[in-house]
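Both complexes below contain chain A, partnered by chain B and then by chain C.
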Partner chain A sequence: MSNGPVLAIENLRTYFFSRSKQAFIRSVDGVTLHIEKGKTLGIVGESGSGKSVTALSTMGLISAEPGVIIGKIGLKTETVQKNLLRDLKDHVKINMSTGRIMSVYKDSLGWQKKINRLMKGIRGKEIAMIFQNPKLSMNPFSSIGKQIAESILLNTSISNRNEAKDKAIYWLEQVKMDSPRLRYYNNPYGLSGGMCQRAMIAMALSSEPSLLIADEPTTGLDATIQSKIVDLLAHLKTSFGVTTMLISHDIDVIKSLSDNVAVMYGGTVLEHGPARTILTSDYKYKHPYTAALLSSIPSQEHIREKKKLQVIEGDVLDTINIPDGCRFFERCNKVTDKIKEQCEHTEPDLREVFPGHKVRCFRFFRT
Partner chain B sequence: MAALLLLGVSFVVFIILFLSPGNPFNALLKEQAATGAVSDAAKRGLSVPSSWYTQYLSWLGNILKGDFGNSIQTGLPVLSEVIRVSINTVYLTAGSMIMTLVLAVPIAVLSARRGLTPTNWFFTIFTYVVSAIPVFWFGYIVIYISIHQFGVFPLASSSSSQGWSWFHFMLPVIVLGLGNGTISEVVRYLREEMSRVFAEEYILTARAKGASIWKHSFKEGFLLPITEIIASKIPFLLGGAVVVEQVFSWPGMGRMAWQAAQYRDYPLIMGITVVAAIIVRMGSLMQRVVQIMVNPRASRE
Partner chain C sequence: MKKYSQISIKVSDFSEVPFWKKANTIDLICVGYGLTIFILVLVSYILGATDFLPGDPQKLNLALLMAPPGTEGHILGTDFVGRDILSRLIIGIQAYFLPGLLAIAISLILGTCFGVAAGYWEGWIDTIVTYTSNLLNSFPRLVLILLMVAAFKPDIYYIMIVVGITNVPAVASLVKGKIQFLKQKNFIEAAISLGLKTRSIIIKHILWHNCRAILIIQATLGMAEAILMETSLSYLGFGVQEPTPSWGNMVQAGSNYFLQGNFWPSTAPALAILFTIMGFHLLGDGLNNILEGKRNK
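On to the complex of A and B.
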């Protein structure tokens, strides 16, 4: 395998047009991140920071009109190497002013067709996805086994129905579903949320994807089930080593599964680096937002030691009126007089401050 | 359930007939000075029960024995007559239901998938206009055009000697299919259901695994709403059939009902009522069967 990341997103921007406000919601506004082969990248960030939109953009599943996606999503696997947004720009006319999009004309039909062409053989086959709400994410009118077998028939070299069925049962075993042979015939209605999520995971893995995107795979589940699913994901990670993009609010989930972490805020990545440094509270190069996030989320440590939780002051960023300067400026408690001017008026770039560790903060560099 | 429904329907129709002016004897005896005395004598001669409830009960009792009585006008047994013509009505209504769906389904599917583009918007408006056309008016226009432009007299009865021709069959079907007033509703309902299902999370999953969203949305987005529409529109189609059959002299149940009403042919009206109610009932039965078949709560082994 050639080197280089499996997924490299560069300056991804996904905007939605809000009719009521006659303005663009800049849900994802300049995301840059990459995932190395066999590694898991955890994406954390408050609700609304654009995590799901990043994932869906990667899958070419943004269908809202007239949404716009620009930037570069480079996918590099054993069989495919391409920019998943290639030539999409041909279908949109964008008026830019001072680096921001002012207005957009979009040929939606052509755009959608192009996306479908670009994603053919990618969706399901190269990139598989797991969603937050397992019970709603499986088709209620079909058995889970059939749905897994369908994915196998579509996305692997297996083309025989019986073989696909055996393979589906194999994957149900791999996700530790009890009595997989019987469960094969169950509709989602007959299963608990946890079992549905196992089936979802089995379905995603069954196509043997080069990249797995898991968007909040544990959030919709009960606490006890959550930890079981995390254990399962950890086990699968060691046995299959699938390259994974793992999205979660839950720092503990991220901590136990990720090699690298990207911290998102207001549609952009504020920090990107190894999990073990980013997630330890006393690491030197740390974005103030990450620090605040770590202390605002009850980790096992907090609960054990009854530490007082810190709340991040202020509101989540308004993604319509993004400020000129650092997106976190309003809420930042680490601004010093020396850099204040700069923080308020210029947006810092995501810069490497230590090998493999990038931060978007003027505390660590000057423009 | 079904028996109760039939009982209720027949009872209501019976009461309406009883309360409406005119009676079969006057209609029957209209040539011979229909005075009260003659009519009463006829009643006595035919041993008709005197009060309305004894009349109804005796009718009901006979029905349970499978005897629907004889037509007052023609003297033929009601049941076999109604069944004979009901086949024609089933052809007409089924044909026009298919006609309605052939028009409505593509419009609904396209606008559910692509949104209200100018083309879809135009077609949707078109269905609203079509639905507003009164069916009898539409029927007469079609007959007028057919006579004056093509020189063909498009009445079903005129063709009975040479058997059915496609032309005679299709015209009433098209008229009822377009003019039954349900197209816009079918489009709207199907579009809403499909759009709702397309937005379901499991459809996103289907797209994410590269599967066909049509396949995955078929049961909830198409099969269920379509059977529901068909079941709920059967009464409207039967109502429209009365008019269309009359306009085109189509030898069906609707035309028979119309004539029976004019002759105050009570046994025939009651017989048609029961058969029509059974047809409507079969529509909802079919819907139930489909619902049970695709029920997500039932795991099939």
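On to the complex of A and C.
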């Protein structure tokens, strides 16, 4: 088998149209990512930086508002190789007059049909997803075991109900659910948040996907359960070798689970590279945003010496009016006079500064 | 004292307990009462078909007009032309039951389809469904039925078709609201991302698991509503026509003699209507509590 990336997102743009402001909200604006087989890619960033929208675009779950998705999402696994966004933009019509967008019309039924056709055999079978809120992500009126068995019947070669049940119990065991035979009959409301998240992970893994998207799997949980879920994910990663796209705003979670890291800000990737180097605090080629993020985590030293934490000044980028220059320019504290002009007016591109490590910052290269 | 380690739990204790074992006693009584009414209706069909009635509901007996209850051969008495009230009462429900089922079937099937289409796909379908149901709701139902009767003939089936169609918006908006509520909880999104087919998401995860309770309740309430509708129409003289007995036209015919002291010809069917409608409402209420409300106690 060739060693190309399982998922290669190129220049993905997901825009939503805001009727009141007559402009696009550019939630994801030119994201380029790739995930190698068997590796875990962690995506970090503040709230509103487009992490979840990237994941939802990959799953084809963006439907609600009149929105546009442009770009290329290449999925390449042992059985499938295709672009998940092929011809999708034909379904959107944009009326422009004098440079302003007047209205956006979207043929949402056609769009939905197209996405369903593109995603047939991919959702579940090739890509599975773990959602933020485990309790809301399962049907409250059906037992968790049945739901897992349903996914097994649908997505694997097992077609016997009893076999599917045994397999579901096996997966519940794998995610370290206590007494899986009893829990098989529990409805989601009868389980705690952590248990529910375990069931969600079991459900996602049970269809044996090539790529697992974990969209903030630890957000809704309390701290002790969080660390247990992280341990579980680490254990699953070593024992099954699932390719994972892990989305979180918790840098510690990302640090302990991922091989590669992409740092997102304002809808775009600012830094992409191996986790070992990016997430250590004394590394030379580092985007100022990553550095600021890292220094805003309390370390043991901070606690011992009662130092104050560093704050990133300003607000998250307004994704309606994106400035011409670097997206992080207004909040950047490392701008030197030499590059200030350039930072303000031209946007740096994502460039390799070290083998396997890409940064979007003028401090490391010149155009 | 028993130690904790000695307590053994049978797996079967935790497997799916049938819902009637978890239910409240009062709810069970309500449902039991409603089901009794339902069975009585079926019994009346059997009695009517096998000619096992206490008397002939159509036979006039001019020698025994307005016989009070308890007269020999006529337990509930006779009406103003001497027909046996009890047998007319038993036959009377048959004027409603099948037409009522038709009305329920129309409203549930169409309402569910439109509700699912509007709630699940949204977009222009939602707009059309919403505006059409607003249009239907803004038109008085009684006027629509009178128009129907004037255009065709005062047949109970025509009336029930109109009742069914005018009930569609209510069911559609219920289903639509439920689906929009469910879409906020993202298990539907999760089901899509697992690769489930749209058909199985709608039928299994939305309708079967989450909407069956409201649909059953709508069905029982629809039955009660059909009976009430027919009664009020019969009172105006547009419902089931004489000599076919229905509770509505029995009340109407008997009411002329009510103030003269002959209360039984109208009271008996009125009480029958009361208990039947109460039965269907309690059935709906009890099923609601059992299926949806008081879970996990």
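What we mean here is this: the second predicted complex is superposed on the first by the 345 of 367 C-alpha atoms of A that agree within 3 Å, B and C clash if a C-alpha of one lies under 4 Å from a C-alpha of the other, contacts with A are read in each partner's own complex, and residues count from 1 in each chain.
Operating definition for what follows: a contact is a pair of C-beta atoms (placed from the backbone, for glycine too) under 8 Å apart; a residue touches a chain by one contact, two chains touch by 3 or more.
The shown structure was predicted, so the numbers you read here are calculated from the model rather than taken from an experiment.
Q: Putting chain B and chain C on the same copy of chain A, do they fit or clash?
A: clash
Q: By the touch definition at the top of the document, which applies to A:R181: first (chain B), second (chain C), both, or neither?
A: A:R181: touches chain C, not chain B.
Q: Taking the superposition as given, does A:G190 touch the first partner, chain B, the second, chain C, both, or neither?
A: both
Q: Touch test for A:M138: chain B only (first), chain C only (second), both, or neither?
A: both
Q: Between chain B (first) and chain C (second), which, if any, makes contact with A:S207: first, second, both or neither?
A: both
Q: Across the two complexes, find the residues of chain A that touch chain B and also touch chain C.
A: 59, 61, 109, 120-121, 123-125, 128-129, 131, 133, 136-143, 150-151, 154-155, 185-187, 189-190, 200, 203-204, 207
Q: Can you name the residues of chain C that touch chain A in the complex?
A: 9, 11, 14-16, 121-123, 125, 184-187, 189-196, 198, 205, 209-210, 296
Q: Mind listing the chain B positions that touch chain A in their complex?
A: 114-115, 200-202, 204-211, 216, 219-220, 294, 296-301
Q: For the complex, which residues does chain A have touching chain C?
A: Answer in residue numbers: 59, 61, 108-109, 112, 116, 119-125, 127-129, 131, 133, 136-143, 150-151, 154-155, 181-182, 185-187, 189-190, 200, 203-204, 207.
Q: So in the complex, the part of chain A that touches chain B is made up of which residues?
A: 59, 61, 65, 109, 120-121, 123-125, 128-129, 131, 133, 136-143, 150-151, 154-155, 185-190, 200, 203-204, 207
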